[in-house]
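Below, chain A partners chain B and then partners chain C, in two separate complexes.
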Partner chain A sequence: MIQQVQNPILEIHDLTVSYDQSPVLWNIDLSLPEGKLVGILGPNGAGKSTLIKAIMGLVDPSGGYVRIFDKELDLVRNRISYVPQRESVDWNFPASVLDVVQMGTYGRLGLFKRPGKKEKQLALDCLEKVGMTAFAKRQISELSGGQQQRVFIARALAQESDLYLMDEPFAGVDMATETAIFQLLQEMTQEGKTILVVHHDIHSAMKYFEWIIMLNLHLVASGPKSEVVNEELLRKTYGGKLNLLTKVSDLIRQQEFNPLKN
Partner chain B sequence: MENFLYFFSFQDASIAFIVLGITILGIGSAYVGTFSFLDNKALLGDAISHAVLPGICLGFMLAGEKNPYYIVGGAIISGSLATFLSSWLKENTKLSEDSIIAVILSTFFGLGIVLLTVIQKSGNPEMAGLNQFIFGNAIGILEEDLWVYGGLAFIIILSLSLLMKEFRLLVFNAEFGKAIGFPMDRVRLVFNILMILSVVIGIQAIGVVLMAALLITPGAAARFWTDRLSSLLILAGVFAVLSGIIGTYISFVLPQMPTGPWVVVSLSTLALISFVFAPKKGILYRFFSRRKYLTKMHRDHVLKSLYKALEEKKSGLSQSELLALYPHHKRETNRSISYLRKRSQLIIKEGFITLTSKGKSEAMRIVRLHRLWESYLNEYMNIAPDHVHDSAEKMEHLLTPELEALLDNRLKYPKLDPHQENIPRDHDEL
Partner chain C sequence: MMSFDQNAFLIIFTASLIAISCGLLGVFMMLRKMSMTGDAISHAVLPGIVIGFFISGSQRGVEVIVGAGLLGIIATMVIDFLRKKAKVQLDASIGITFTLLFAIGIILINLLAYKVDLDQECVLYGEIAYLPIDLWITKAGFSMGPRITWLALLNLLLVITFILLLFKELKLTSFDEGFGLVMGIPAGGINLALMSMVSYTTVSSFEAVGAILVVALLVVPPATAFLWTKNIKSLIQLTVLIGIGISIIGYYMAFWLDSSIAGMIVSVAGLVFLVSAVFNSKKYKFKSGTRLEPEALSS
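For the complex of A and B:
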């Protein structure tokens, strides 16, 4: 069940992504409407993070393309926020919480220019939205996992974008914080922002998301929650590894060259 | 002493000039090096510093003399070649980063030594000073050379200050930089060029081999003292300048003595001092805070034993009974007793020890935490009652009043622990 939309804010066309030449995402083809809270669900290794990275242009697709706001990615980067996985950085880096949140303003500042008063104020406002004002001056190495996650979300807010891509923003976050952040995200979608969230917990996914994308190496479903959440599609998504696809991937990896390269 | 005064009063203009040169050189290399240390790329500096040697030799051969432009040019070219080769190998082979660096380092340095030997056999009268490039000689620098090296160091400091924000992003989260549309590949390229330049500026004063130490050690030593990037950079600069000047001074007093090794020796001393004495991260601090914790733990145990005696309807314990409870820790037990007595938590009367009301309340707190934690393990984590004691023995010293309140709240203020023992409250009568 894949529902395409008119005038999509994000269009993914026949996207295939490979690591070390073996495909981890097969022919993803979907489009998303504006102003929705979208959940990306799927088992471990389903390619959820890879999909986000491919949208952001951080991994090169071996086929297909992505269009955002009906434009090329590089033309609209300053309208997209990105929250990487918390584990992707070294939190021992000597920086304060405010330093990290201010990185969200770098894109608008451009090269060479340093953040000034305006950027600092914006960063503080964003910290307030995630309830981390008291931690502004704290070193990031002293934060708990959930606090680190909130710092990353605040950094994304500081980008002041229209489309947000969040990779597992709720990993290691306690229930109360999760609820608070989901409420914040819902408010943002009411203002017309579109938010894509890679998420693990089906229970809270059912509660908060309006649109759901289900992945398991290939696209299982994409559509309004009420239409795609059913037993059959859930089984297709979570019902074990796709034996055949994995075998084909292995076959491709064993070649001395990349057979999928154009 | 005379030498010392002569050197540090800077009455000799050429010495003042050299010290100034060493200062900006130290700041420049420590500045770049700190970033590469934070980026976990310390070995790249080592590879580059060895890889510039063949370039230096070729520059010398082409010029036929120690011309700074030829030598710096040669060094930059072979340094860049090494950097480019290592990233090319990383992308196009499955070799690990450390083996690539080992291969590049030894190949280039070996080639450099071959060329150096060829030059030495050639009988060129100018070659005498070429050995200096291996271990460095700050005093031997000519004014013309200083302008070249100092100028480059100045360029390094300037570019790093201009691109501070970009390099911070590169080291902390390059992927995010790419996501917001920054040309992170080009930022990395600029950074690598600065790395090469920072090796090149030290070839005459410090020597190629030891330049890697001047890049990495200042940042690594400074990291023990601070968690702030700005203070880290300043401190690393201070360390580098300090050791640079010490090395130069020694080369001045003992003209045959190369500068590089002394710079490294003084830097390592600073690093060692940091490693031992730095607050929080130094080993001495950690040793003492652990010992302090262990002493407090033992005091807690003494209080607990006295409280358990109360529970058994005894009014206290005799000193020998208490000592017998910890047969291997007599000295600590005695120390704990006298400490607790001074804090008026217990009284000793004719060798018999009883808790004061203050001591009793503290002992109750520890026992309460112990039993609350046991109850929590049993109830919430389904751990059998005979498996919960060891964990509680450790947690009783750690749990804060805040967590105590939370535990009480979760467990609904229990009266008994899993062993059916009373969880003591302050108002309990014993």
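For the complex of A and C:
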């Protein structure tokens, strides 16, 4: 079930990505509408992170293309925000929380220019949105995993973009924070921003996302939650992973988690 | 017999300039986990120096600096190619690249021995003690003072300008290269610019302290400072202070023991690092010791 849309904000056409000759993404073809909270689901090694990296040009596709806001990537870089996986950097780096959040403003500042008062205020506002104001002066090496994740989200907010790509932003974040951040993301989509989130927890995915992409090397589904979440497609996505498969079936059997019966 | 005369001042001043230039660049090399790439560059520039020397016929030509700079960039790109495209481990690609280029340099020195007044010892160890007699004489015959001091001063000014201009970009790409790339910051170009500065600093300093000791000045002061602080501005300040401190102490230790100044400066740096490392590990143990105590009592 792959639903294409008119005037897509993000269009991926026939995208294939391979590492060392072995393809990790096959012929991905999808388009996304504006102002939606989009979840990317799939088992480990399904190519979720690779898809996000290919959208941003961090990995070179061996075929196909990506268009964002109906333009080439390089023309719209300052309208895209990125939250990488927390493990992708060394948190021993000598920087304060405020320093890292201000990095989100560097793209707009351009080469050679230093961040000033305006950038600092913006960074403080973004920290407030993720509930980290009290930690602004703290060195990043002294943060817990969940706090690090919130700093990365604040940094992406400081980019003030229209399209947000988040790679597992909720890994290691507690339930209360996860709920608060999901609410923040929902408010942002109401302002017309589009947010793509790689997510692992099927339970909360059903609760918050409006549009769901299911991935397992191939694109299994892309469409509004109510139309694509069903047992057949979930099986297709997670199939073969027995443990996970029973969990998924359990979830579907439990009425309250089944969006089809609501 | 301690003394502080003009020569002592010139040597300490020049050594400090070199130590600061190396330390400033070294901070970013360390944060990028590329300290050993600095090592590789300092050796890989040798063929560039020899070829530049051969073309210009003098150790002082611009060709020498250009040749070294080019070789530094080539070394960086070869290391990058081996690691990313040929999937060789980083440490192995560094080891292969710089030993190969250094060996080519040695062969070139031997082949051109009659035309090039350059020997491995000078390149490897340098001799800062000769600095006061190697003067920069203008065409009018006016002496401007030691040539190497001027080179070191120019080098430091360029390094400071480079870091002031690109501080934000260097910080960002050292912390999170992917994020910088997504924002359209030319991370590859900034990396190459940093490597060129390291190459230029190496070649500008090798006459005074030699290629091996340049590596120590690139690596040790930043690593020592990082044991004491987790703030990037104080990290840079402390690196500069350590650079000056080891130059002063190293000079007088060498004077006292009648030994190599550059060798002594690096030995002092190593000692300061060891003391810092031991002190910081003790501090950590002490902290965790006091934290464990109440638990031990309650059980």
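As a working rule, the second predicted complex is superposed on the first by the 240 of 262 C-alpha atoms of A that agree within 3 Å, B and C clash if a C-alpha of one lies under 4 Å from a C-alpha of the other, contacts with A are read in each partner's own complex, and residues count from 1 in each chain.
Convention: a residue touches a chain if its C-beta (ideal position, glycine included) is under 8 Å from a C-beta of that chain, and two chains touch if they have at least 3 such contacts.
The structure presented is a predicted model; accordingly, all values stated were derived computationally and were not measured.
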Room on chain A for both chain B and chain C (clash or fit): clash
Partner chain(s) touched by A:L111 [first = chain B, second = chain C, both, neither]: both
Partner chain(s) touched by A:M206 [first = chain B, second = chain C, both, neither]: neither
Partner chain in contact with A:A134 - chain B first, chain C second, else both or neither: neither
Which of chain B and chain C A:L58 touches, first, second, both or neither: both
A:A176 touches, of chain B and chain C: first, second, both or neither? neither
Chain B versus chain C as contact partner of A:D74, first or second or both or neither: both
Identified clashing stretch of chain B versus chain C [77-85, 347-355 or 419-427]: 77-85
Chain B and chain C footprints on chain A, overlapping residues: 56-58, 74, 77-78, 80, 82, 84, 88-90, 93-96, 99-100, 103, 106-107, 109, 111-112, 114-115, 139, 141, 155, 159
Residues of chain A defined as touching chain C within the complex: 20, 53, 56-58, 74, 77-78, 80, 82, 84, 88-90, 92-96, 99-100, 103, 106-107, 109, 111-115, 139, 141, 155, 159
Residues on chain A engaged by chain B in the complex (per definition of touch): 56-58, 74, 77-78, 80, 82, 84, 88-90, 93-96, 99-100, 103, 106-107, 109, 111-112, 114-115, 139, 141, 155, 159
Chain A contact footprint on chain B (complex, rising order): 38, 40, 162-166, 168-169, 171-173, 175-182, 223, 226-229, 232
Residues of chain C touching chain A in the complex: 31, 33, 87, 165-169, 171-172, 174-176, 178-185, 226, 229-232, 235
